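These notes open a run of structures that come right after.
Here chain A shows up in two complexes: once beside chain B, once beside chain C.
Right after this comes the complex of A and B.
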């Protein structure tokens, strides 16, 4: 029985993880905690749904979502983010929250609240484990997660762009003095984040539901995963995201806790904040 | 000067030489065509605006506005604003058709964001500051519990389009047009039992005070009274993991699963059930929230002939006169992306009822007290959207006039009505049925 819920939680957990990774990459590059990640993904998913409803192949839907996510993310990253760059991290984060609300309002105005379902051909392909179907879409979600982590890690470790991104993460001002093209590198961060949002948008619209408001606020578990990794490690973010998804699913087994299982991300992130604070206290580092 | 081409010249020559006296014939033809155009124009004008609302005189209302309020749950886990959107469309139509004796209706809609505190603030603003004469077309998950007592104290009558939690059906001044989620979900379960032989049920609803437990208790009480089995699963409105919920329900091995959730949550659960291959193994049904025009087209072919929903009102594509009037008003006065669903029908009915009640009053003497007295006197509001005439029930301690319902099943990309108006069997309705019997006497 437990295995069924682990399988169920794996898919959503993988998307939480992928969203968290997208957040961490952007945070490490630009210092911006992107609250608009979910809304950008939702926008991509709506575009993908339009393409799929018009009868085009699923690949085109994916590309459309990724393209829309990347375009919107880069637009904010190029036009608004540089203006807020000298401000506090809180102001930069609130800027993205404002952007999320603009996107949310636009989606509500254009697409309304009519029920929509984003079905993918991969939903029909599945493996049965312990009486539960593990659909190809869930496997694709895990595959995307691993490939994004691998490609971003390799980029950060072995390319000049990665070096510039790491330099920016350490000290924006110093990197600029040393000749790092700050705007261009930051824009790459926004691009990677937008691509991740586009992928997550389609997956969440399929695994959860295609509804602007719901998808916009699914950024919360992703933030929880990123916080658990102290907004630094991609691998820990990935593990944390999957853990949140699986814990949320497995809580279904306990009738007393089941109605409150959506609180799992908050609870888990709260525990991790205490743990990180305790560890910092032990090592004498200020937090 | 434009020269004719050779072909055009030949066409012209041939037409004028077709018959003897060609030019005269052309004039006659032109006259005939002119007469036909005028006649067809008159015919079109005669049936130009089949919409009926208010005075239906085509004149804009320009007098002193009458304030009417509405509170809906729009932003939050789900959007419940379709009822007020339909009421707004109807009132716009009324304002373009003479208003209430020349006075336009100023319809004020507030979004409580699923937050009781916001609902209380909105009520205070509308009732105390904007001096609304009544609340019409409301549809909220939180406002009944937050505001029902205050409405009673202020002498405000609420004719809600859609009542949702328990308090909407147990308050003295709150009278919804719809049957409510409890009756609606029992009606779907009743159908699955009678037509599909389902003997064990799982009721899935929202973990919201006085909503989920109240609705699923209805199924439990009904099941127990009929020797059937029933279990309850309550979920958080923001729950993302539909698959686990469906697996939890399936693990209880029921014959049928009935939902009392919002349509988007139902859609995600049906998608999860579809992905788990459960559509052939378990019967699925729902309260009226699932009854929207769009749902059958998006849930996928696996649910064809399998997913049953209660309707609360008439079929949304019914060709009956009042239903057609609702559709026409929505098409003319509401945006295309506003849902045309059961909740929209409820909002339309609430607005129509109140408009017709206000039209019976002296426009110069419309006050909160006069409107409340008039609304309390409504005892035979007729519409083909309802199964039976709606009444307020002035002497009743609570209001639940709509308690005879129909069901529909997914049929391709639309719904097919599968049961006639049937009385819902809920022990909690005893007082209402008793009141109705007294009324008939």
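Right after this comes the complex of A and C.
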């Protein structure tokens, strides 16, 4: 019984984790916490839905979603983000909230607010583990998560681009003086974030539902995962995201807690922030 | 440019003048709101009076958000949830004890203030972004909890839920039973809230906030208790939100648990920035944008999603080129006309 809920939670958890990783990558590169991540993913999912409804293969749908996510993310990263770059991190985050509202309004106007489901051919393929079905879509979600974490970690550790990204994360102005091409490196961060958003959009539209408002604000549990990792560690973000998905699913088993199961990420992240605040207080160093 | 620098560059945040003159210009707030409310009471139909009543409640909640952002650069993304908490407490007390409306109003304010502080104050020790995130998590949590609990509607027990046929409406104050009178009552409460906020800005807390805004090290060396004054601002903002929730509950009679998603808190913050966080007129504009503009779009048959996209554009515009928001632009325009008038004379 519990296993089926764990498996069910793994899929959504993997997408939360992937979203959280996308957020942390961008934050580490540019110092921007992207509130528009969910809206960018939703836009990608709507494009994918159009392609699939037109009878094209699923791979094309995936590519369209990833392409749309990358394109709008880079558009913001190139046109608007540099204008806010010298401002406080919280103002830069609020800027992405404006972008999220633009995308949300546009999607709601064009595609409407009626919830629908994005069906993928991979839903029909499944494996049985102790009598519980594990669909290929959920395996794809976990696969994407692992490959994004591995590729980004290797890029950050072993390439010149990764070195430039880490330098930017430490000090934007000094990096610029040392010859780091700030705009293009930051744009790479926006590109990676947009690609992650495109992937997450399709997966969430399939595993949860395709609705602009819902997908836009599904970024909040992903932010919770990122907070638990102090907006810095990709691995901890991934583990926290998966844990959120699994805990959410497993709480369904307890009737008393079931109505509050989707609040789990918020309360856990609140506790982790209090822990960070306590540590900051103990060490006497502001974080 | 940091938030503090942006805020200091805003002419509206310059310290008020010396002596009594720092208080006399506060009279413009009740005078402006009384004139506007009188006009609405005379000319508006029932639909618009109800819409503008909820706009006054939203404006009061926005004044708290504006206080935090405009004075301290703190971003609170849970203000709409605190409004919901205030509404819940007011409804519960009203049905359970039939207390006078004003007592419910105060209790709602205190409850929201305490809950907001319990969650927000630990985050005040961290970077500004963390306060934004903690408050967002609080908003997310409240969305789930209120979705499960619902708002009290006259039933028994802690949750106060009643069967559909036995649902009650919250009693309004005895002096404001009709929609028109309740609108004037809400406007008076809004005026009082704005006055309290402006009074704080012009007295010791305002000076402490200005020092903190200039730099925490500066404030500490000047003997300001940074955490206390930040917490004070947070408590005041929570109080305004709670009172706003009670006003909203009194206006409609009941509240719907589905109407308090975390996204509403994000919208409220976005529109507070658009309205202008450095001037008392800003929250009034925010209330109108959130309630009246949406109703206006509906009146003209325009998709409400267009309004959302416009709000997003306006937010980006405010952040990039107009940090003082619409209020700042209106005031600048009036000042320009004033100078031209004096020059012409």
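Annotations
We adopt the following convention: the second predicted complex is superposed on the first by the 276 of 287 C-alpha atoms of A that agree within 3 Å, B and C clash if a C-alpha of one lies under 4 Å from a C-alpha of the other, contacts with A are read in each partner's own complex, and residues count from 1 in each chain.
Following the convention adopted for this analysis, contacts are C-beta pairs under 8 Å (C-beta built on N, C-alpha and C of every residue); 3 or more make two chains touch, one makes a residue touch a chain.
Quick caveat, the model's predicted, so the values are computed rather than measured.
In the model built by aligning both structures on chain A, chain B clashes with chain C. Looking at the shared chain after the overlay, A:213 reaches both chain B and chain C.
Partner contacting the larger number of chain A residues, of chain B and chain C: C.
When the two structures are aligned on the shared chain, A:106 is found in touch with chain C, with no touch to chain B.
Looking at the shared chain after the overlay, A:259 reaches both chain B and chain C.
By the touch criterion defined above, A:227 lies against chain C but remains apart from chain B after alignment on the C-alpha atoms of chain A. Once the two complexes are overlaid on the shared chain, A:11 sits against chain B while remaining clear of chain C. Once the two complexes are overlaid on the shared chain, A:269 sits against chain C while remaining clear of chain B. With both structures placed on the common chain, the touch criterion links A:85 to neither chain B nor chain C. Of 110-118, 218-226, 326-334 or 362-370, the chain B stretch that intrudes into chain C once chain A is superposed is 110-118 (criterion: clashing C-alpha atoms). Residue overlap on chain A between the chain B contacts of one complex and the chain C contacts of the other covers 113, 213, 217, 221, 259-260, 262-263.
Per the touch definition, chain B reaches chain A in the complex via residues 75-79, 81-82, 207, 233-236, 238-245, 247-248, 251, 263-265, 267-268, 271, 274-277, 292, 294-295, 298-300, 335, 337-339. Residue ranges of chain A in contact with chain C, taken from their complex: 33, 35, 80, 83-84, 86-91, 93-95, 97-109, 113, 213, 216-217, 220-221, 223-224, 227, 259-260, 262-263, 265-267, 269-270, 273-274, 276-278, 280-281, 286-287.
Chain C contributes residues 1-3, 6, 73, 75, 119, 122-123, 125-130, 132-134, 136-138, 140-141, 144-145, 147-148, 261-263, 266-267, 269-270, 273, 303-316, 319-320 to its touches with chain A in the complex.
Of all residues in chain A, only 1, 4-5, 8-9, 11-12, 110-117, 119, 123, 126, 132-133, 135, 204, 206-209, 211, 213-214, 217-218, 221, 245, 248-249, 252-253, 258-263 touch chain B in the complex they form.
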